[in-house]
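Look for subunit A in each of the two complexes below; its partner is subunit B in the first and subunit C in the second.
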Partner chain A sequence: MWTDVLAGLVNALTPVNLLIMSLALAGGIIIGTLPGLTATMGVALLVPLTFAMEPATGLLMLGAMYCGAIYGGANSAILINVPGTPAAVCTTFDGYPLTQKGKADSALFTALFTSVIGGIIGTIPLLLFTKPLAMAALKFGPPEYFWLAIFGLTIISALSSGNLIKGLLGGTLGLLLATIGIDPSTGLSRFTFGSEHLVAGITLVPAMIGFFSMSMVLGLMDNDQTYVAKYEREPGVIPRIIGQMLRHTKMVIFRSSIIGTIVGILPGAGGNIASFIAYNETKRFSKQADQLGKGSLEGIAASESANNATVSSSLIPLLALGIPGSPVAAVLLGGLLVHGLLPGPRLFTESAVVTYTFIVGLFVANILMLFVGYAGMKLFVRVLSVPNYYVAGVVMVLSVIGSYAIRNDMVDVYIMLIAGLIGYVFNKVDIQPGPIVLGLILGTIAEIGFFQSWLIGQAQGSIWALFFTRPISVVLILMTLISIISPIIADWKKNKTEKDGTAA
Partner chain B sequence: MQLRLVQKYWREVFPNNLIIVHRPGAGGEVGFRELARSAPDGYTLGGVNMPHIYLQPLARNTGFTLDSFAYICQMVDDPQVIAVQKDSPIRDLADLISRAQANPGRLTVGNVGTFTGHHETTLLFQHVTNTRFTVIPYVGAADQLAAVRGRHVDFIISNLSDVTPHLADLRVFAISTETRHRMQPTWPTLKELGIPVVTSITRGVAAPAGIDPAILRYYREGFARLSAIPAYKADMDRIGQSFAYLSGEDYEANSKEAAVRGENLFRRFGLIR
Partner chain C sequence: MSMRQINFLIAAVLGLVIMIFYLASRDITPPSHVYPLTIIYLLGFLVVAMLVINLFIPGAAATVKPFANTKKLRLMGVAVSSVVYIVSIQQLGFYFTSVIFLFLFTWILGGRSKKARDILTSAGVSLAVMILIYLGFNLFLKVPTPAGIFI
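Let's turn to the complex of A and B:
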């Protein structure tokens, strides 16, 4: 294996490959940054370009685009409170408050740095443990996905800094929206009100664009400021951030990258959820938990390292089993097949050179991203010098284009606009879009997991046993309980020390 | 997947560019509906799947029926297969059937979707062998294959192209073709094992109904030539797509017959009124 790895390294470092990777990274970062354009779209656009290329170069191009796009979402999340891709939703929580405090440079570089680290950490298991991890991912069945989704829903409490009820309202709305469309168990349509346009359900990305982007646009038009935020150049930001990350935020980055890696391996769960879970765990263990949501670099580190870790880990089940771990991985599967590369053990034996060029190339791409991303940073931060009305206009246009581009269906644009209105109104009463989007994502996973487990449990004689006695499920149930109880305990302790303090 | 290959060879037959537009959603329904609604001017073609086109309208208001399309040709005939994970305790098809007859509803079978080819074959199989399984629908082939490889369902009724990348981890009991398949000659057919189930998912190309017959003829001839390109056929084999060309007229006739049988089957199982 190591000779193949070395051969892969040499291949990855050829000038042609380095150039293609840099261009793909740049393209990916731009696509990720622009609200409305997603990683899936970017990779899908590039697949036909790979037909004429060497397989390894084609794969490197797709991989670099994927990396860049997932990182790129952070730029707009930080600067204008609009996640450029669903994976960057959690980055808005701390990124935008930092921009408003004039610390955009810190936030942007933190996002870049932690994305790179997350990407590198996420690629290590891809290189070393692909087969065993893929087999472990197979053990996740319907009950496990159900409990994972339930665990995910408990994160709503972490996202609703302040008012839990409002967070639950948002989350419930998301869950209800997820039921619109075809019932996965019977094939009949639900809540479509006779309209065929809603048969495919509320598409996630347009809804997300609407709840975040469109409501932001309306908000910008609504407020009195001329600029999105004041921009203060921060000289020496790079060494300062790197120092801070290495000294204080090591654990956050490491833990979030591991979470991202694990969640990314699960087919169907993917990058969207990973950053939420990482954010939740960071809040649980952080010594400055109350800073999260107000502009904590830890929050950005958690979200970005997790989502870039999923880039490589979603490739683990893809390369080992031919089962994509995320929608982008599914597009990549197409790219592999067109070049005659069949996933499975043969990929690592017959096609070893191509495969290891790809895997090692991902390491190289992440490192290159540090440079390409920095150039991007300097460019994108200039949006803060553009008056509100231009920013609003451009974001609105991009939102419409992005929503339409997903399926070339105007329905998605309408979904986006309506979600935008709802999001804007909800913002006014302090119901945040994060829980809504989380409910939308998790609702489908939870429901499918539930009814599949019900049917299998019924067939096997005990629904109870299926839901509650499988080892991985038990772990997830415990994590869910801890997730619900620990904020309550933390609050109780805080009140107790306050009371003791005032009593003495 | 198969359309990507068509794209690769398109220019060898047709003078213009082929632009592929993805219309994901609802098991193809969104795409089929859009094709049916498109102007029949000869500039818009689409991929069509059977039995989806005649089964989906049974479940819900889809905005199209079999008659909404002018069929250009069939490209792929993808038969169903019955498979288990390779370490499964079920020995063979006879073992599967006897276990099922002894414990109705106890065995779980994974399908992709409802009102789909897998579902239709599963119902037909139960009807013919007098067995009852618990059908577990999955959203996509990736989930279905992951489910059987992870032993979360006892077996799957899937199709040839979906299982081909996973053969190293599966045992295939039978295939639903008339005679043994050229790509997998070691797999017995259900028919030769005494179970008269011959089904498949077919994929073809169509235009909206109402297209000018001259234009339809132009495309039918063009696709006939494209389907004959040896490199195209070789590529299809390599990725496990079971290539089977049929003319538009034949495709339409077959599909209409199958639609009548399919509707009766679903009605017998009480899945439609």
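Let's turn to the complex of A and C:
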């Protein structure tokens, strides 16, 4: 195996492959930055270009595009509070406040550096433990997916910024919106109110663009500032951020990368869920939990390291078993098949050099991303020097095309518009968009998991046993309970400490 | 309007939403109705909880006025123009409508300057942005855009 790994490294480091990976990274970062354009779209676009290439080169290009696109969402999330991809939603919570404080450089470089680290950590299991991890992922059945979704929903308390009831209202509203469309159990349409346009449901990306992007446009127009935020160049940002990450935030990065790696392996889960879980866990363990959501580098580190860790780990079930772990992995499967590479054990024996070139290439792509991403940072940050009415106008146009691009349906544009208007009003009255989007993301997973578990439980004679006695489910239930109880205990301790301090 | 009053309004609107969804859920065949009904009941419970807190422990909500400093006219203008823009796309085409929208949006919000230089800047930026979007989205990414009478 190590001979093949070494051969893969030599292949990945040829000048042609390095150039192609750099270009694909740059393209991916731009695609990720633009709301509405997805990594899936970017990778799908490149697959035909790989026909004329060597298989290894083609796969390196696709992998680099994937890495760049997932990281790219952080740029718009930080600079204009609009997540470029759903995986960057959590990055907005701390990224944009930092931009408003004039620390855009710190936020952007933190996102870049932690994305690189997360991507590298996520690639290690892909290199060393593909088969056993893929078999472990198969043990996740409908009950486990249901409890994973419930665990994800407990994150709402972390996203609620002081108003828990409104946060829960937002999350539950998101869950309700996710029920519009086709019932996953019967295939019949529900809650469409006679409209054929709602049969396909509320698509996540247009709703997300509306809640964040369109409502941001309205928010920009509602203030007296000429610019989105004041930009202050921060000399020495690179050594300072690297030093800070290594001294104070290494546990956050490591823990979030592991969370991203584990969640990424599960088919159907992805960067969206990984970043939310990592953010929640960071808030639980942080000594400065009250700073999260107000401009904390830890928040950005958690979100970005988790979502980039899912890039490589989502390929584990794909390469080992041919099961795509994400929509991008499904497109990559197409890329593999086009070059005559069949997923499974033979990929690591008969096509070992190509496979290990691809895997090692992901390490190289993540390192290259540090340089390509830094160059992009310098470009993107100039948006802060543009008057906000230009930014708002262009964001409006990009929101329209981004929403339309998902299904080529104007209904998505109207969904974006309505979500934007509602999102602006909700923002003003303390109902944050994060919990609503979280509910939309997790709603379908929770419902499908619930209903499939119900059916299996009925067939087996005990629904309760199915939901509450499987080992992985028990672990997830315990994590859910801890996630609910620990903020209550932390608050109680904090109040007690304050009372004791006042009494003294 | 204080936050407390707005909370009552939110509760009323959400109550209406709950009723509509509840009535629609009666057409769902069991056991598929379990999950959506659970969500509807949960939302109802949270609305009642918010009402109770708002009634008996309003706190700062009684005095905070979230829309006090809102530039209502400007916002209405942006919202209405966005609706007109999106509706017009289907009739006139995405690129044509977007150039006009961007120009008017940036010129009006930029102060409606009558200086030729400012008008040309708005027009030039709008055109340049749309050309870039056309090159990137239409030619390179091949993302289709809504068509109308024009492009």
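The rule is simple: the second predicted complex is superposed on the first by the 504 of 504 C-alpha atoms of A that agree within 3 Å, B and C clash if a C-alpha of one lies under 4 Å from a C-alpha of the other, contacts with A are read in each partner's own complex, and residues count from 1 in each chain.
Note that contacts are C-beta pairs under 8 Å (C-beta built on N, C-alpha and C of every residue); 3 or more make two chains touch, one makes a residue touch a chain.
Please read all numbers here as calculations on a predicted model, not as lab measurements.
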Subunit C versus subunit B on the shared subunit A, clash or fit after superposition: fit
Touched partner set for A:8, first subunit B, second subunit C, both or neither: neither
First (subunit B), second (subunit C), both or neither touched by A:390: second
First, second, both or neither for A:84, with subunit B first and subunit C second: neither
Subunit B versus subunit C as contact partner of A:345, first or second or both or neither: first
First (subunit B), second (subunit C), both or neither touched by A:428: second
Subunit B versus subunit C as contact partner of A:408, first or second or both or neither: both
Subunit B versus subunit C as contact partner of A:323, first or second or both or neither: first
Partner chain(s) touched by A:173 [first = subunit B, second = subunit C, both, neither]: second
Partner chain(s) touched by A:450 [first = subunit B, second = subunit C, both, neither]: second
Once both complexes are placed on the shared chain, angle at subunit A toward subunit B and subunit C, C-alpha, multiple of 10 degrees: 90
Minimal inter-chain CA distance - subunit C and subunit B, angstrom: 9
Footprint overlap on subunit A, where subunit B in one structure and subunit C in the other make contact: 185-186, 188, 408
Subunit C-facing residues of subunit A, complex: 31, 37, 41, 45, 165-166, 168-169, 172-173, 175-176, 179, 183, 185-186, 188, 190-191, 193, 214, 217-218, 221-222, 387, 389-390, 392-394, 396-398, 400-401, 404-405, 408, 410, 413-414, 417, 420-421, 428-431, 443, 446-447, 450-451, 454
For the subunit B and subunit A complex, residues of the former touching the latter: 1, 4-5, 7-8, 21-26, 29-30, 33-34, 59-63, 105-108, 113-115, 133-139, 142-143, 145-147, 149-150, 152-153, 165-166, 168-169, 238-239
Residues of subunit C defined as touching subunit A within the complex: 3, 6-7, 10, 14, 17, 20-21, 24-25, 27-29, 31-32, 34-36, 39-40, 42-43, 46-47, 49-50, 53, 66-67, 70-71, 74-75, 78-79, 82-83, 85-86, 89-90, 94, 98, 101-102, 105-106, 109-110, 125-126, 129-130, 133, 137, 141-146
List of subunit A residues in touch with subunit B within their complex: 44, 47-48, 51, 137-142, 181-182, 184-189, 194, 196, 199-201, 267-268, 317, 321-324, 330, 334, 337-338, 340, 342-345, 407-409, 448, 452, 455-456, 458-461
